[in-house]
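In the two complexes that follow, chain A is the common piece, with chain B as its partner first and chain C second.
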Partner chain A sequence: MRDQRLWTWHVLAGLVILVFLGLHMTIMHLDIIFGFFNPGDAKPIDWVSVVGRARMGFFTVSYVVLLGAALFHGLYGLRNILFELGPARGVKSALNVVLTVGGVGLFVFGAWAAWTAGVLARSL
Partner chain B sequence: MLDNKGHPNRLGVWGWLGGGTWGLERYLYTLHRLTGLGLLLYFLLHIVVTSARAFGPEAWAASMGRVSGGVFVLGEFLVFAAFAFHASNGVRLILVELGFAIGNPIEPIYPYRTSVHEQRPLALGILVLAGLVLAAGGYNFLAHLSH
Partner chain C sequence: MTAPVNVTFRIRRYDPASQQPPAWEDVTIPYTHGMTVLDGLRVIKETRSATLAWRSSCRMGVCGSCGMFINGHPRLACNTQITELGTSLVTVAPLPNFDIIRDLVPDLRPMFDAHAALMPHLIRDDVQEMYEPTGEYFQTPHELEQFLQFSYCIKCGCCMAACPTMATDPAYSGPMPLAQSHRYNVDSRDGGFGTRKQVLATEKGPWKCHYAGECSQACPKGVDPARAIQLMKRQLVFDYLRLYKQPCPSKVVPKPTEMKRRADVPEAPAPTL
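After this line comes the complex of A and B, so read on.
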């Protein structure tokens, strides 16, 4: 039951990623074709563009949502792949702990970075 | 994830790398897995590298400087290609898992038809979609290189 529920979340997270990563990729890698959210001639990774987006609450929220969804989706996918190789019970428990702690740690760090960048951008 | 209920997974990693004589969808499965793992590896590094923006413009420039040019441009394009495929194929998987595009149950009358016949157009469709996204991305990458 628990695995079915987690798998459902895995698939739902995939849909959330589709929307927000789709937007992210359009902004970062289809910039010449669409030119979304990059002021003037600036490249998407230039500091002016980064600050411009960081000022908008929408991006802070969407980055944190994407961060959480992609961490869960990716790490749960990795867990599936590793569990399929039939590790011993103890190894499975250790993997659960490592992936959960690692995932939560990276989420907190990434969310802090998104929030702090927003505060910094608005103060400039 | 289902437990293997005491039956050992004898093929191990080779089982998911090799498609044998199975059809196209089986190779899409292998590619979905490889692109998923590739995207995950990139993403974990990406979280750390882009967090530099929280420390101001110098830290951001230094961080971006460490991952620019040469092999990183190629790597970035591979990440984009992995995204184009994994996203398109992911939509196919979700549709199929929810029971769409697999046809209706039919009587097993010789010559037998499997649901793979019904699914194949969707598989080809997502490959075309991934190809279109990749072409747009490729054009964009080349345009940047020529600037």
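After this line comes the complex of A and C, so read on.
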């Protein structure tokens, strides 16, 4: 049942990435057409635009959700590739632990960075 | 291609008793009109190499015994004309992704073990009705369409030999067992999805399929195992999200009693068993 659960979350994470990566592409690369979340005439990567987005709670949440989805999607894919090399059962267990701990560690660090950026932006 | 005068068979030979590694042997024989690869092997066995071993039976692409790796592709030897290969050099080896028993005979037991583990048969609650039927399980033409193409599988192993995942992952059940499991999962007469799920939801399930599609390309009967595997993934994802509802197995309808045999159709002979 674990494989069914992991695969389902892999698919769902892919959908989340599709939505948020689509949002990223729209904001960063289609700004001339849409101009979402870019105040005035500023470009998407200008300081004022970046700080403006960091002040919005929606973006803090979206960064964390995208981070979690991308980490899970990517690390599960990496796990599948490594498992196809035919490692022994013990090595599989060790890989599971390493990838889980590494993924959680990266997520905590990334979520902390996104949260801190939001706090700093609001204090400016 | 114009028919060649002679055909050279490059055959992978292996005899476990000799304790020698597999080796290639070239044999040239005269081409005869309509010769298949299986015909050529028979000529070689009768005239050149009596010890050559392979597995075959029906000679008409029905039994699935003569799956071989012919000119780099898994095919049925009986269904492969020499002329369609486009060359007078025919390379014949046992199916990849299986152990070799001898010469061109692969050990298909792992495939059939995986097949049996996925319970490729109707599973219903009314066991009594299954063994002593009082009627027929009702099925519409549309319901039949859901699994019909998958039931054309002859278990030749060509899809298993073509599958890149099978080449690396011994835990993977493979395209044939998974497609046959799906064939019963979507059969309206079956209620065994929950039982099969105990195996399908594990690492033996469809998750390792990369959708290379080689299995469907190789199938000599036109079955599409890759499609079955993707549909099975969707079914299992929906099941995890509790969005899949196992349809109620079709009801038993009484045998028709008003039917009369046409006068020009003779009566069936008495059962012999």
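The working rule: the second predicted complex is superposed on the first by the 124 of 124 C-alpha atoms of A that agree within 3 Å, B and C clash if a C-alpha of one lies under 4 Å from a C-alpha of the other, contacts with A are read in each partner's own complex, and residues count from 1 in each chain.
Methods note: contacts are C-beta pairs under 8 Å (C-beta built on N, C-alpha and C of every residue); 3 or more make two chains touch, one makes a residue touch a chain.
Since the model is a prediction, treat every value here as computed from it, not as a measurement.
Chemist: Who does A:W7 touch here: chain B (first), chain C (second), both, or neither?
Modeler: A:W7 sits against chain B and chain C alike.
Chemist: Looking only at chain A, is it chain B or chain C that touches more of its residues?
Modeler: Looking at chain B versus chain C, the one contacting more residues of chain A is B.
Chemist: Applying the document's definition of touch, where does A:G110 land relative to chain B and chain C: first, second, both, or neither?
Modeler: Touch partner of A:G110: chain B, not chain C.
Chemist: After the superposition on A, what does A:E84 contact: first (chain B), second (chain C), both or neither?
Modeler: both
Chemist: Which of the two partners, first being chain B and second being chain C, lies in contact with A:G35: first, second, both, or neither?
Modeler: The answer is neither, since A:G35 touches no partner chain.
Chemist: Let me test your reading of the model: by the given contact rule, A:G57 touches which partner, first (chain B), second (chain C), both or neither?
Modeler: In the superposition, A:G57 contacts neither chain B nor chain C.
Chemist: Could you list which residues of chain A make contact with chain B in one structure and with chain C in the other?
Modeler: Shared contact residues on chain A (touching chain B in one complex, chain C in the other): 3, 7, 11, 80, 83-86.
Chemist: For the complex, give me every residue of chain A touching chain B.
Modeler: The touching residues are 3, 7, 11, 14-15, 17-18, 21-22, 25, 29-33, 43, 45, 47, 50, 54, 67, 70-71, 74-75, 77-81, 83-86, 106, 109-110, 112-114, 116-117, 120.
Chemist: Applying the document's contact rule, which stretches of chain C touch chain A when the two form their complex?
Modeler: Residues in contact with chain A: 165, 168-170, 197, 200-203, 205, 207-208, 233, 236-237, 239-241.
Chemist: Where on chain A does chain C make contact in their complex?
Modeler: 1-8, 11, 80, 83-86
Chemist: Which residues of chain B touch chain A once you look at their complex with the stated criterion?
Modeler: Residues 1-2, 4, 8-9, 12-13, 16, 33, 36-37, 39-40, 43-44, 47-48, 50-51, 53-54, 56-57, 60-61, 64, 76, 80, 83, 87, 90-91, 94, 97, 136-137, 139-141, 143-144 of chain B touch chain A in their complex.
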